[in-house]
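One chain, chain A, links the two complexes that follow: it is found with chain B in the first and with chain C in the second.
Here is the complex of A and B:
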C-alpha cells in the first residue's frame, strides 16, 4: 500500500492524472462495475499504453476521460486534466475542454464520420466549434495543412467519407483529432479494423506526430505487441482494474503479473516451431463484472494461484521491472520464496 | 414516372390558371353559360347551376387544393419533425411527455377533431391549412423520433459530442441531415392526405366560402342536386382531378420511399 501512495505523490504536475476512477453502469440486475478504482498519470510527451481483453474497461476509461459516457453511468474519482477535474467541471467549460485540450481518435473510423458531409467540413467542424471566428478560407487552409500532416493530399477534403479507404479515413480522423492542437490524444483502438500493413502505417504516423507535437498519448488496444513498439509505459487492465504498470519493454519481456504472462504469451513468435505446437494464451473467459470472483479477480484463471488468492484482493506491489503489479506472488510475507521476475 | 407526369400536369395547370381560364368565370355574376348546360364546344365540361363553366372552376380549384395541400403539409412536417427530433434526442421524461401528447393526437379521430377545430376557428383558407396541419403531424413525429433514436446512437454523433458540440449543433448538423430523407419521403405521402382532407372539409361546408377548391365544387354540386338532375359533368371533373392528384402523390411517395429506403428495394 505504501507503493500506491508513492504513486499518488509522484504525479503532481502531470498532463493528465486519473485518481481512483470508478464507473458503474446501471442494469436490471443492479449496478455493473466496469472500471474499479483506476489510478494513472500521463506526462506531457509521454505514451501510455492501456492493454487488456475486451470488456476489461479500457474503452469505458477513454470515454470517462472526456465525460462521454451515457448520462446514467455512475462515475466517481478524479480526472485531472491540466489540474482541472473533468468530472466536476461545468458543462460549458467541459465543451471548451473537449477537443481543445484532449481529443479522441475513435475505434471505428468507418462510422465516426457523418456519411452525408464532406471530410473537410467535418474537420473544420472541430475548429469552428472552438474558434467561432474562423472564416471559410482560414478553415480550408487549416484542413489542407492537417490532411497533409497525416499524409493525405489536401484535395481529399472535398471527398465524402465513403470515397476514402479505411486507412485514409483513420488518417482523416487523426487529422481531425489534431485540429485544435490538443496536448493529450486518446487513441481508442485506432487500428483494430485495419489490415496489418495499414495498421503499421497508422502507428508510425501516430508516433511521428506524437514526437513532433510533444503530445501526451493514451493508446488503448488489446494488442500488447503494438504497445511495446509504441509506448513508454504500459498499464495492463483486468476486470476493471489496472493489474500491472511499468516500462513498456520490461512488461513485455519480464511481466510480473500472471495475467500479463498470458497476454504476452498469446502472441505468436514468427518462425518458432515450438510455438506452433503449443500456443500460449489464457484459458477461460474474462469474468462477468457483475459476479466478480472473490479475492484476486484473476485467481480462477491463474496458473500460479495459491492459498491466499481467493480471499485477498491484492494491492499494488513494486515489481522487479521498476513498475507495479497487483499480485500476491510479489508479497514477501505470503510468498517468501520471492517473486518470480 | 407516371405519377410525376400527372403531378407536373396539375402543377402547370394551377400555375397557369390565369392564362387558361378567365377568373371572372368564377363569380356567379360573371357567369355566361346557361343553367346546367351539358358539355359543349363553348363549355367543354358543361356549366353548373349558376351558369359557370365547370372547366374554369376546376382549373382555379386546383390552385386552392394544391396550395392547401402544400402549406398544410409543410406545417405538419415542421411540427412533426420538431417534436420527433426533440423527443428522440432528449429522451427521458421529455420524450415520454411529448410522445403521449402525440399519441393523444393520433387516437383522436381526425374528422371530428378537424370539424370541431374548423367550426371554432371560422371558415378561412388559413384556418383550413392550420386545421389540417395540426391534425396530421403525429405520424410524422413517431417516424422521425424512431429515426432520431437510431441516428443519435451512431458513432459520428458521439464523435461530434467529443468535439465539444452542443445540442443545437448536433441536432442541426448531424441528426437533421440524416433524418431529412425520411421526412421528405413522408412529406409527399402527407400532401396526398392533406389534399383529401381539404376536399373533405370543403365538401362538408367548412372550407373558405370565398375561394373555390375541388372540394367546394363538389359541395356545390351535391347541394345543387347534380346527381339527381343527371349533371355528371359537374361532379366528374373535380372528382377525377382529386383522384388523379392523390394517386400521383402516392405513387411518387412510394417511389421515393423505395429510393431512400434501401430495405424496400428489389422486393
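Here is the complex of A and C:
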C-alpha cells in the first residue's frame, strides 16, 4: 500500500519511531497476540495520544518501548529511539537509555513507588545512576528543584509514598520521570486512579512541563476527551492494532473509523444536552485476543459492518481528516459511496 | 511523632500480656493433680505432722487469693520459690542453665536466618532453575522433619562409634577438659556443632520457603517495574527494592519464632544432653518439680512476649506505613 510506505518515509528524524511492533504472550493455549504490527512516530516536542479500551494493548506498548515486558513475552519489530533500536540493543546500553532518554509515568502512582523508601531517595537514585558524579548535596538540591517544579514543597522529599495523597504521589512520580531530563516521556494512564479535579491539575501540569521542556510525550488513556485537549495527534487502538491515526481535533470531531465514533461517544460531553438524549457508546465487549474475529476484528460490534468485513482485514486508508483509518468503508472500490454516511 | 506512640502502644500491650501470663501460670499449677507436699515428701514415710508442717511452710493451706498475692509479690521480687529437686532457689537453678540455651538458640537462629533467607532470595531470583528446585525440595524435607529424629540421625552418623566419631555424643564440654582459653572455646564449639546444625536445619526450611514466596510476590509489584525502568541492574533492583519489601513478612516470622525456639529446643537439648533450659524442663517434669516448672513456664512465656515485641519493633522500623497505623 502506498499509504503505509508514506508513513515509513515520515519516520526520518523523529524522536521515536515504532515499526511493525508485535507482542505475543505465551499461554497454555498457544501464543496470545497483545500487540499486532503497530507503527507510529513521535517527533521531538510532539504529544501523541494512544487511546483504546482496556486490553487493547496500549499498556503493553508502553512497556515494550523500554523493554520492560516479562522475559517470556515475544516482541518483534523495531523501536527506534533517537535512531537506536531498543529491542536489539545490548542490556548495558538499554539500562543507560532507560530513564535517561525515555522515562515512564506509570498508571496508579499508588503502587509504582517503593513503599519503604523515601520519595526523595527514589528520585535521587535515578539521578545518581545516570549522573554518577552527583554528590549528596547536589542530589538533594536537584530533588528539591524537581519537586518544586511539579508543585510539591521540597521538604516532601523526606516523606514516604503513603504520606502523600494520590495526586501528590503522581506529581512525585512525574518529578522522578523528569530526573534525568529525558527527551521522551511515556505517560501510561497517569490520571486513571485520580478524582476528576486532581486529574485536571495533573493534566495541566504535564502539558505545562511538556511545553517548557519540549518533551516528546506519549499519553496513554481510554479517555478520548482527555486526549483532544492535550494531544497533537491521536492513535486509536483496537485489538492490538492502531485502527485510526490523525490530528487530535479531527479524530474527535470527525472520526473515520466506526470504533472511534463509539469511543468518542463513550464519554459524555459535559453540558451537551444532545448527549443526554442519545448516549452513544459501544455495544459488546472487546474481543478475546486469543480468539480474534476473522476479517476486521471490530466487525461483530460495528454498526456499519457490510459484506466484505468478516473476510477482509482492512489495511490503512487515507481519511478525510488527513490521517489514516483501517476501515473498509474508506475503500472506494468496496464502498463507492465514500467514507462518510 | 507516630514512632513514639507506636513504641509505647507495643510496650503496654506486651506488659498486659505478661500480666495475663502471670495469672495463668498461677492457676495452671493449682489445677494440676497431686499434693505438692506429698510429692516433696515422696518415698519418705514422713509422719502426717511433718507433711502438715511442709504444707504450712510452703503456704499451701492459705486461701487461694492469699496464695496469689504471695505468688505475684514473690514473682515481682524475682523470688520464684525453691526447687524441689535441686533444693535451691528456682532463679539460681535457671540462671545456671540459661546460657547454654542462649548460645544454642542464638547460633541456630542467626545461622538459619542468614542461610534460609539467602536460599530463599537466590531461589526466587532464579525461579525455576536447578538451584530453585533443589532448594525447594530440601526446604520442604527439612521443614517436615522432626528435629529430634534429625538430631538422632546426625548423632549416629557423626558421633557414634558406628559412625564417623567426629563429634562428641553430648553435653556442652568434655568433663575434666579445658575450662578456659581457646582450648575451652574450641571444645564448646565441637559440642555445639551437631545440636546447632540440627536446629539450623529444622528452622531454615521455613525461612527459605517464606522468603522465596514473599520475594516472588514482591517481584510482581509495580515499583519493581519502575526500578527496572530507571535503568537499575537486576541485582540492584533486587537489593534496593525487592528484598527490603520481601523482608517484612519474613523478619516477623523469624522474630516470632525466636520465642518458640527457646522452649522448642527441648527435644534437641534432650537428644544431645545439652545442659540448657530444655533439658532442665524435662528433668523438672520427671521429678515433678512444680516451682521449677512454674519458673520455666514463666520464662518461656516471657520469651515469646519479648520476641513478639521485637517483631513489632523491627516491623515498625522496616515498614514506615506501620508506624502511622
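Note that in this section the second predicted complex is superposed on the first by the 334 of 341 C-alpha atoms of A that agree within 3 Å, B and C clash if a C-alpha of one lies under 4 Å from a C-alpha of the other, contacts with A are read in each partner's own complex, and residues count from 1 in each chain.
By definition in this document, contacts are C-beta pairs under 8 Å (C-beta built on N, C-alpha and C of every residue); 3 or more make two chains touch, one makes a residue touch a chain.
The shown structure was predicted, so the numbers you read here are calculated from the model rather than taken from an experiment.
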Q: Assess the superposed three-chain arrangement around chain A: do chain B and chain C clash, or do they fit?
A: clash
Q. Touching A:112, do we find chain B (first), chain C (second), both, or neither?
A. both
Q) Now for A:150: first (chain B), second (chain C), both, or neither, which partner does it touch? A) neither
Q.
Taking the superposition on A as described, I'd like to know which of chain B and chain C A:160 touches: first, second, both or neither.
A. second
Q.
Can you check which stretch of chain C gets into chain B in the overlay, out of 25-33, 43-51, 61-69 or 97-105?
A. 97-105
Q. Can you pull the chain A residues that chain B and chain C both touch?
A. 66, 68, 95-100, 103-104, 106, 108, 111-117, 125-126, 129-130, 176
Q: Note which residues of chain C are touching chain A in the complex, please.
A: 221-223, 225-233, 240-241, 244-245, 248, 318-321, 324
Q: Using the touch definition up top, name the residues of chain A that touch chain B in the complex.
A: 66, 68, 95-100, 103-104, 106-108, 111-117, 122, 125-126, 129-130, 176
Q) In the complex of these two chains, what residues of chain A are touching chain C? A) 63, 66, 68, 95-100, 103-104, 106, 108, 111-117, 125-126, 129-130, 160, 162-163, 176
**Q.** Sites on chain B touched by chain A in the complex
**A.** 154-156, 158-166, 169, 173-174, 177-178
